[in-house]
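In what follows, a structure is listed as C-alpha cells, so that the remarks can point back to it.
Here the chain labels run A, B, C and D in written order, and each chain numbers its own residues starting at 1.
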Amino acid sequence: MASETKRELSYIDAVREATDQEMARDSSVILFGLDVDDPKAIQGTTRGLLEKFGPERVFGSPLSEDAMTGVAIGAALAGLRPIHVHIRMDFLMLAMNQLINIAAKSRYMYGGQVQVPIVVRSMIGKSWGQGAQHSQGLYSFFMHVPGLKVVAPTTPYDAKGCLVHAIRDNDPVMYVEHRILHFQRGPVPETSYTVNPGKARITANGSDVTLVGISYMQVECLRARKYLESVDIDAEVIDPIWLSPLDIGTIVDSVRKTGRLCVVDNGWAACGASAEIVALVIERLQQIRPVVVRRLGFAPVTCPPTPILENLYYPNASTIASAVYDLVRGGDNGWMPKERLDLQEIQFRGPF
Amino acid sequence: MQARFYRALYRIRRIEEEIAAVYPTDKIKSPVHLSIGQEAVSVGVCEALRPDDVVFGSYRSHALYLAKGGNLRRMIAELYGKADGCAKGKGGSMHLIDIEARVMGASAVVGTTIPQAVGFAYALKLQRKDSVVASFFGDGAVDEGVFHESLNFAALKGLPIIFVCENNRYAIHTHQSKRQKLDNICDRARAHGLPAEQIPNNDVQRIYERISQSVEQLRAGSLGPFFFECLTYRLKEHVGPNDDFQLGYRTREEAEAWVKSDPIEQLRAHLDAAERRRIEMEVEDEIKDAFAFAEQSPWPEAAELYTDVYGE
Amino acid sequence: MASETKRELSYIDAVREATDQEMARDSSVILFGLDVDDPKAIQGTTRGLLEKFGPERVFGSPLSEDAMTGVAIGAALAGLRPIHVHIRMDFLMLAMNQLINIAAKSRYMYGGQVQVPIVVRSMIGKSWGQGAQHSQGLYSFFMHVPGLKVVAPTTPYDAKGCLVHAIRDNDPVMYVEHRILHFQRGPVPETSYTVNPGKARITANGSDVTLVGISYMQVECLRARKYLESVDIDAEVIDPIWLSPLDIGTIVDSVRKTGRLCVVDNGWAACGASAEIVALVIERLQQIRPVVVRRLGFAPVTCPPTPILENLYYPNASTIASAVYDLVRGGDNGWMPKERLDLQEIQFRGPF
Amino acid sequence: MQARFYRALYRIRRIEEEIAAVYPTDKIKSPVHLSIGQEAVSVGVCEALRPDDVVFGSYRSHALYLAKGGNLRRMIAELYGKADGCAKGKGGSMHLIDIEARVMGASAVVGTTIPQAVGFAYALKLQRKDSVVASFFGDGAVDEGVFHESLNFAALKGLPIIFVCENNRYAIHTHQSKRQKLDNICDRARAHGLPAEQIPNNDVQRIYERISQSVEQLRAGSLGPFFFECLTYRLKEHVGPNDDFQLGYRTREEAEAWVKSDPIEQLRAHLDAAERRRIEMEVEDEIKDAFAFAEQSPWPEAAELYTDVYGE
C-alpha cells in the first residue's frame, strides 16, 4: 500500500517504471505509438525504453491511428502484449472501429478462442488553450461497450499498479492519463505490484456526503473536501480507479452511510460515467434508504481555449464545494469558499 | 497437383452449393456471402502455404477457411448457430475462425482485418518465426484508408505478409469504376513501396506459382511484403444463395465469360474419369457428414450468452 | 398529427418521401453514401431519387466512411445540406473523428461563424444472425457530445417528420433507424410536416408506471403494456423520439404521476441513454417524490448471431412486462406473461 | 511581383517573430505552431488565388491565414483569447478562420480538414461556381488513411481542388523516412489519378506560377484535382517559440541550408532600399497596431461559454 514506501515518484516516472519493469519481465510486451521514441518521449513516460529494449520492441509509428490499432490487435492475436500510446485521447476517435468493432468483440465472436491483451494509453489535455480537440475525456464510450476494460489512475501509485495489471490483463484495457496528473508526485514502491480491476479506493473518510472524483477531478474533490471542512461538512472521497469493471459496491456502501452522492467527472455528464454511477447507486439503494444525488462535469459545451471561459468550463474545488454544500444543507445557498492558495491547482506550464 | 487443385476447388464449390440449397429452409441462421466463382484465389494461395502460415479474411471467407484447412463440420455448425460451431455459434458465417488451421479471423466490417494481419506478421518477425501471413480482402476494401495505412506500415517494416486483393470488380452492386478513378489497384500498392502483380482470370495455377515463389523468398529472409491483385468473379448475389442478374447492375453475359473459364471445368477435363469420380464421391460423403453433424449438434446453452466477454 | 390522415405508409416509404420532398423543395439538399444509388436503394429508402434529382445530388460513394463524412461537413460549410447514409450504425465507428472532433465542434470553435447542417442516417440491425458488428445501437456516444443532435424515430409518421426537420436543422443530426422498424406501417400525411427536437410523445396513457422505450424497444414496450393490462397494471408509454435534445420534462411529469420508471433501451445500459434518463429523472424528482427505477437493454455482452442466444440478448415484450411487474408489485415475483401470437414481433426476413 | 512576394513573406515572418517574442509573457493563451521558414508555400499559393477561392489548413496555419488575407488584428486577438478574436477566443491558434477571406478552417487533428476541403470543392462544382479550393497539410498527414480516401474521391469526381503538401520532412520530431518507406509523396497522389509535382526549396516564384496555371485550367473547366508537394522547412520547434536543435532529432547544419536559401533574403536583394524600407515600416506599424488591438480587446463575456453550441 502507498504508505509502505518512502520513495516518491512523479506520475510520469511511475508510468515509465511500470512499462520498464513489465518489458524486462515479459519479452512479449512491446511499446509503440506516435513519438514514443522521440526526444520528448511522451512527457518522459517512455524515456530510455528504446535504448533498453531496442527498436523492435519500442518504435514510433506513422500517423495511422486506425491501422496501428489493428496492428496492436493482430500482434496480440499472435501472442504479444502491445502497449499503444496516444498523446491525446481525442485521437482515439480515429481508432474507434478497431477498438469497438474488433478489440472489444474478438474474444466473444470467436467463441473464446482468442484474446486481445492490448493496452491503449491515451492522455486528456487541459489548460494552455488546448481547446476543442485536445481536451476530451471520452472514456464513457469505452465503458459502454462490453469487452473493454477502462482505468483512469489518479496517483503515481495507482498509475504504476494499474499499468502493470493492464499489461498482464488478457483483455483490451483503455488506460486513461490526465496530463495534469502527470506532474503529481507520490509514494511508489520500487518493486512491481498491481492495482487490480473492480476495486475502488476511499481516499478520504467522511460521513456527510460521498464525493466520487474521476481522473483529474479526484484532485479537485480532495481540495473541495478541505473547503467543506471549514463549514463542518465531512465528505467521504472515493476514487473509482477502474471505470470498467466498476466497483460500484464501495460507492454504494459509502452512500448507504452518507445518503448523499456527488459524482464529479472529467468529462460531460450526458451518458457519461457520472450518469452510470448515479443510476447504479439508485438501483441498488432505492427502497433501502433515501439518497440525494448531484452530477458535476464539463459544461455541456465544446471546450474553449481562452482561460476566462475555460475556468468556467471545468468543475474545480470551489464549485464542487459549493455544489456539495447545497446538496448537504439543501436548497440553493450560493455559498462559495474563499480561494486558499495552499490548495492551488498544480499549474501545467506550456508549451503543451 | 491438378488433382489437388480440382479436389480443393470442387469441394468448396459443392459445399457452397449445398449451403445455397439448404439456405431457404432457414436452418442456416446467418447471412451467407458465397465465394462461388472465386474459389481459385483462396485455393491457389493456400495450396502454397504451410499449415503454420496464417490467413485473415473478410465476411466472404468460406472459400478461404476451407482452402486453408478449416474444419468443415464446425463451419457448417457455425452457420447453423450450433454449439459445435467453429465459434460456438457466437460468430456466425462472417466471423469464421479455426485456430489449428491458422485461419485467424474474418470481419463483417470491410477492410478491418488488413491491419490485424499486418500486426500478426509483425509479431512473427519479432518472434523470429518463418511462417508468413496472407491477408485477403476485396476491391472495395481498397477504398478504405486503413488499406493504405496498413500497406504503408507493412512496407516500412518489411513484414512477412502477402496481401491478396480478390478483385471481383464489385462492392455489393457498385462497380470498381464508380469508386476508383483508375483501374490500378497494383499501382496503389506500389505507391507504398510494395512489389505488386495482377493475376487475371481465376488462374489458380499461376496464383499458386507466384505465391509459392513469394513465400519462398520471405522464408529465405528477404523483406516483404508482397501484393497480388487476383481478378475473379462472384457468380451469386452479394449476400444470399441466389443469382441477382435481375437487379440489372451487371449482365448475364459478363458472368458467362467467367463461367466458361471456370477453373473447375478446365481441370475436370484433365482428370481421368475414375479419379474424378473418387474425388467427387469423397467430397459428397464429407458434405453429408458435415451437414448431419450440424443438424445433430445441440444449441448453445443459455449460460453461453455471458461467457467469453472477458477472460477469467 | 398522425390521426388526421388515412394514408398508410411503411417507415421505408416515409423516409423516402421526406427525402424526396425536401430535395424538391431545397436544391441545396444532397444525398450520398454507399449504395444509395444501387438497385436495393438502401431498403428502398432512396428509391427513384437518383432518377429524379440526378447523379450530382444523389450518388453512391467509395467505401470511405471517414473521408465521406468530412466531405459532408465541407459541403455543408459551402452551403449544402448533405444527407449521408450508412446501412449499419456500426460503420460510424470509422467516422467518429469527423463526427466528434469536427461536426460537433465547428460552430463553437469557429465562434459561431459556421454551421454544419448535415444529416447522418444510420441503421441498427437485428436478427438473422447479424451478430457482433451489425447490431449495435451506439447513439449514446452522440448524446454524450455537445453540438450533435440525435433522433431515433419509431413510427412512419415520426420517421418522415423527424427527417424533414433534421434536413432543415442547422446542426449535425444523427438520424437513427432500426431495420425492423423499416417494416412498420402507419399513417403518414402526404404534405410535408416536421416533428421537432425536444418533444417526446406519450404513446399510451397510464398511471402505474412510466415505460420509456427507445428506438425499436418502443414497439416492445407497447406490446409489454398489453401484457401488463392482463394483470391490471396500467403503464404509460413514452417515446422520446429525439434523444438529443432530450425532452426530459415529459418523462419527469409522467414519473411524478406514476412514481415508477422503466427505461428500455435498444443498446447497452452502461453509460447509455437509459443511464442518462434515470439520472435526469432522479435529479429532478429527488426530495419531491419517491421514485423507483429500472433499466433494461442489451445484455452486457457482444451480440451473438445464434437465435437461441440472441433471443436472450434483447429485451422483449415478455421480459419487459415481467420486469415492470416486479417494479410495480415489488419484490421478485418471477411472473411471465404467456406469449400472445397477436403480439408477435414483426419478423425481419433475410437476406439481411 | 517581387515586391508583392517580399511584402507578403516579410510580413508573415515578422508577425510570427513578434508572436515568438511575446509568447514568454503568457499573454498568448494558446499553443503556437509557427510557420517560420515555411512562409513561401502559403504565399506562393495564395498569391495565385482569388479572394473568393477557399483554403483549409492545419494547426500550423498562421502563414496560410495571413497569406490568404485573414484579418491580422483578429488573429492576434484570438491568440490572446480575446472577444475580438477571429473565433471570439473560442478557437485558439489551431482553429483560425476568416469567412470573408475564405479561410474556412483549420484543425488540431492531423489530416482532418483534407476531406472538408474536398467536400467544399464538391459544392462549388455543384453550384457552378468557378472558385477553387486549396487544401494545405503536412507530410505527416500523408500517413493518414483519410488522405488517401480524400484524394480518391476528389479524383473520382474531378473536383476543383488543389492539394498542397507542405513537406518539411518532420512530423513533430519524426522524420518522413521513419514513417514512409519511400520518399514519394507525389507517387502516392498519382496512384489515385492526380497529376502531381514536387516543387523544391521554398521556391515561391515557381509555386506561384504552377498554382496559377493549375487554377487557370480549373476555371477554364478542365477537371481537377491537382497535387503539389512543396519542400520547405520549419525553423522553430514543432510547437512554441524556440529553436529545438538541442533535442538532437535534427542538425543545425540541416537548417543552415534552408536559412541560406531563405526567399525573404533572396528577394530583399532585388528590391531598392527605399521601397524595401517603406514595406518594412508599413508592416511594423501594422504589427504594432494588431498587438495593441489584441491587448485592448476585452475578454469574452462569461455568457459566451454557452453560446454557439447549437444554432438558434
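Just so we're on the same page, contacts are C-beta pairs under 8 Å (C-beta built on N, C-alpha and C of every residue); 3 or more make two chains touch, one makes a residue touch a chain.
These numbers were taken from a predicted model, which means no experiment stands behind them.
Chains shared as neighbours by chain C and chain D?
A, B
What is the distance in Å between the mean C-alpha positions of chain A and chain B?
41
Whole-Å distance, chain A centre to chain C centre, using C-alpha means?
The separation of the two C-alpha centroids amounts to 31 Å.
Averaged over CA atoms, how far is the centre of chain B from the centre of chain C? Could you give it in whole Å?
Computed from C-alpha means, the inter-chain centre distance equals 36 Å.
Find every residue in chain B that makes contact with two or more other chains and list them.
85, 89-92, 95, 107, 109, 143-146, 149, 152, 156, 178-180, 309
Enumerate the residues of chain A that touch no fewer than two other chains.
Counting only residues that touch two or more other chains, chain A contributes 61-62, 64, 66-67, 90-91, 93-94, 97, 101, 108-109, 131-133, 146-147, 300-302, 304.
Draw the chains as points, connect those that touch, then say whether the picture is a line, ring, star, complete or other.
Topology of touching chains reads as complete, every chain touching all others.
Quick check: in the complex, which residue numbers of chain B touch chain C?
For chain B paired with chain C, touching residues are 29-31, 81-82, 85, 89-95, 107-111, 140-141, 143-145, 171-174, 178-180, 237, 239-240, 247-249, 299-300, 302, 304-306, 309.
Which chain B residues qualify as touching chain D in the complex?
Touching chain D: residues 143-149, 152, 155-156, 178-182, 184, 187-188, 190-193 of chain B.
Using the touch definition up top, name the residues of chain B that touch chain A in the complex.
54, 56, 85-92, 95, 97, 99, 104-105, 107, 109, 112-127, 145-146, 149-150, 152-153, 156, 307-311
Going by the contact rule at the top, pick out the chain A residues touching chain D in the complex.
34-35, 38-40, 60-67, 90-91, 93-94, 128-134, 299-302, 304-309, 312-313, 350-352
Contact residues on chain A for chain C in the complex?
Residue positions touching the partner: 66, 90-91, 93-94, 96-97, 99-101, 104-105, 108-109, 131-133, 136, 138, 140-141, 143-147, 244, 267-276, 278-279, 282-283, 286-287, 290-295, 300-302, 304, 330.
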